[in-house]
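The next part holds the structures, each set out as structure tokens.
In what comes next, chain A is part of two complexes: it sits with chain B in the first one and with chain C in the second one.
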Partner chain A sequence: MMRIKEHPILDFSKERKIIRFTFNGQEVYGYEGDTIASALSALGVKEFSVSIKHKRPRGFYCAIGNCSSCHMIVDGVPNVKTCITLLKEGMKVETQTNKGELYDLK
Partner chain B sequence: MILNRDLVIIGAGPSGLCAAKMAAEAGQKVLLIDRNPQLGGQLIKQTHMFFGSEKQYAKTRGFDIAKKLIDDVKKYPDLVEIWDNSTVVGLYSDKVLTVLTGETYRKVQAKAIIVATGASEKVLAFENNDLPGIYGAGAVQTLMNVYGVKPGEKIVMVGSGNIGLIVSYQLMQAGVKVLAVIEAAKVIGGYKVHASKLRRLGVDIITSCTIKKAIGKDKVEKIVTVRLNEKWEEIPGTEKEYEVDAVCIAVGLSPLTNLLAMIGCELKYVGELGGLVPVLSKDYETTIEGVYACGDASGIEEASSAMVEGYITGLAAAKKLGKVHPQYDELMVDLRKQLDILRSGPFGEKIRKGLAKLEGVKEVC
Partner chain C sequence: MKASYVIIGAGISGCSIAYNLAKKGVKDIIVVEKHYLTAGATGRCGAGVRQQWGTEMNCRLAKASIDFFSIAKDELGYQGDIEFKQEGYLIVAVNEEEDKQFAKNVILQNSLGIPSRKITKEEAKEIVPHLNTDVILSATFCPTDGHLNPFTMTDAYYQAAKRLGVTFLFREEVKSIVVKNDKIEKVITTNHEIHTSNVINAAGGYAKEIGDMVNVAIPVYAERHEILVTEPVEKIQGPMVMSFGMNIYCQQVPHGSFLMGRSNPFEKPSHNIESSWQFLDEMAKTVCTLLPPIGNLRVIRQWAGSYNMSPDRQPIIGTTDLPGFYVACGFSGHGFMFAPMTGLLLSEIILGEPLTIDITDLHIDRFKTARDIVIEKSVV
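Right, the complex of A and B next:
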């Protein structure tokens, strides 16, 4: 686990609500307040998508919604910026392997 | 349907929040838009205490400054409307903004706009620089200090400016091993006080050294560094391998001027200010009337100057819309003086040089 437990300035010891979601079909969990990216990072997941042409692995780079390196498919919607999207109960998160395909609005 | 708003501020970091506060204080209605779930911009991840003077909250930790600035704007619930989780995706010359909030797409007609979009981290060219586990230093700071997650166990920091030095220290506070800080220049870029803190903890800061390549299949597993000579050329035989599970790139920031470019403001390349920056009047108005830019979006500086610029811009934009702050003149004089002080001294030299280059442009136009 990559969660920080002790810190000289910040307090991460507070109990937080567990948020369950699936990553490529596997049931996993993060905590309330996590973004999708932080929850995945805590699980040790680094590869979020693959590059469009050469299919090279991609992780996030900026974590502030700018670089587009963290795009994933979330609940069927492609190109979701997972670094600024808060984790929600029951989310379906998938590695994105293409530019993204058209989807129906829910 | 198009929504009508008077003053729209894009970005609720230090500059945008300060602009909103001043405009509201002058009696001006404001719509403040930010794409993140939390307001405060990059202040929310700053666990260190700030320098500068009392007026810019020196000796206060960044995340506490963010709380203060957010409280400041929340004092005006009738005047300041906040849209968080909202990305401005378009900015048009008739001052129409298009905004995406989840699946909701809205159009807003503004009378005046302040662009306070901040900056993005620069990337560095080297072999396999796209491997997962290679992060911007600011990204790592967000991951650790906002979400409480470590980026890895063993890390090398590339760049010894203040961000590189401060984030290295914060990595150690989070329990991550910092194997080395490498710096391509001959001297350490950041303040000596930050560098000394690291050295006391036994971290090597290696100057005239850069990253040659990263190695790994699906994520970074190793990196190779190499020493540089006087001409910044690699010295053969000086390669060194480090086993890492993350790398931090701290080689500077570029102003986020995409929206300013889209609306057609004049931009100029000024290396000292981080890249393309808008040409501004002394009231931070761009070459398009009623469109303003402040903070890092108008040139890379510290959060302290971003706040002061925000106050000035908020005052100026409100005045343009007919709301003159009761202490307008005194405040303007004092704020400009604060900026001068922040930019004085040897560390402000680069910024002064950059601003002087922009000054030349303004005289022409």
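Right, the complex of A and C next:
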């Protein structure tokens, strides 16, 4: 786990609600208040997507929704900015290995 | 400094003219550009190339230009990738008038060797599955129309022209052109005085202002046209999808992004190239109606460029009343796709060679005479 447990100023002692989700089919969990990316990061996941041309691994980078490095497929929708999307119970999160298939919101 | 010809503007037209003249052996050509390569309309355009036109002249110019694009990489000896994608244009008819007109257009196009065909909306949906066929009546499709990267395509001309000895002056603005006794003496730029007796006006949106410098009135004006690009996704759309009635063109480029634009019918002539929220609003509504799934994509950026509009929406190419002053302007949004022929034909006119395509009808004098001009209607 990469979570900070003790901090001189911030208080991390309060118990937070556990949020369960799946990552590439595997059942995992994060905490209430996590973004998808922060939960994955805490789980030690470093590869979120791949670069467009050379398909090199891409991970948590700008963390403010600008860089597109954390684009993942969430509940079937590609190119979700996981660093600014809050984690929700039962989310299906998958590594994205292409530019994303244009989907139909019906 | 001295030049045999001064070309004003380093967009694709200016570069193509420079290349063609140099290839025919002309020495001491100087291209003067106010900003940088492709800074004007070329670098801002949708870069689609099509042969589906309503006038014979545009059909001929477009076909010959596309024939060139298909061999441009080898012909120009270019190391980069011009990204020529030849997957057609699907032009949809959204009302009875267009449906009838397109049938006529296809007959004209076919007679000129352009392999376009009129298709039903069901056939159109097979070509572009995410097309909303509820809003169209029929379509025409030409498989050899396509799309290029305007930056690398212009660079290909630029590199080839430079190898042939053409000099390019960037970040230099033409301030005035000195004419004495109906003869051009020199071109004065921000940095140089270039002695020359020949000037070629390929200044795009600023073509009128260049004409005014030598008292040649060119009946053109600049008009802002806006465009946007989305985030990239995997390829789902081969051809450019276009509608004149709905006022949209939309293409997925090889990178995966969608480029789309439309005209503002209330746009006033000006050099304004700012982006507007109104365009974003109208563009989004239009594309979501015609190609609904694209509405799920994020817009990455929007920008604008100047069309150089002529009274009949056809180019003005050729000589003028002032000896040694040539024009290649008024393309009305289609200078990129005609550029190979612009360069070839203007070089033939300048050097007095027989013309590959007779473009007498594109001479500026057509606006002086009372005869009816043929207006191109197939324009977005």
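Assume the second predicted complex is superposed on the first by the 105 of 106 C-alpha atoms of A that agree within 3 Å, B and C clash if a C-alpha of one lies under 4 Å from a C-alpha of the other, contacts with A are read in each partner's own complex, and residues count from 1 in each chain.
Just so it is clear, a residue touches a chain if its C-beta (ideal position, glycine included) is under 8 Å from a C-beta of that chain, and two chains touch if they have at least 3 such contacts.
In this text the structure is predicted, and so the values were computed from the model without any measurement.
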Per-residue contact with chain A, leading partner among chain C and chain B: B
Which of chain B and chain C A:28 touches, first, second, both or neither: neither
First (chain B), second (chain C), both or neither touched by A:98: second
First, second, both or neither for A:61, with chain B first and chain C second: first
Contacts of A:52 with chain B and chain C, given as first, second, both or neither: second
Which superposed partner A:10 touches (first chain B, second chain C, both, neither): first
Overlap of chain C and chain B interfaces on chain A (superposed complexes): 105
Residues of chain A defined as touching chain B within the complex: 2-4, 6-10, 12, 33-35, 37-38, 41-42, 46-48, 51, 56-67, 83-84, 86, 105-106
Sites on chain B touched by chain A in the complex: 35-37, 42, 47, 61, 85, 87, 103, 120-121, 123, 130-136, 138-140, 142-152, 173-175, 218-219, 256
Chain A residues within the chain C interface of the complex: 52, 68, 78-79, 98-105
Complex contacts: residues of chain C adjacent to chain A: 130, 231-234, 236, 255-256, 292-294, 296-298
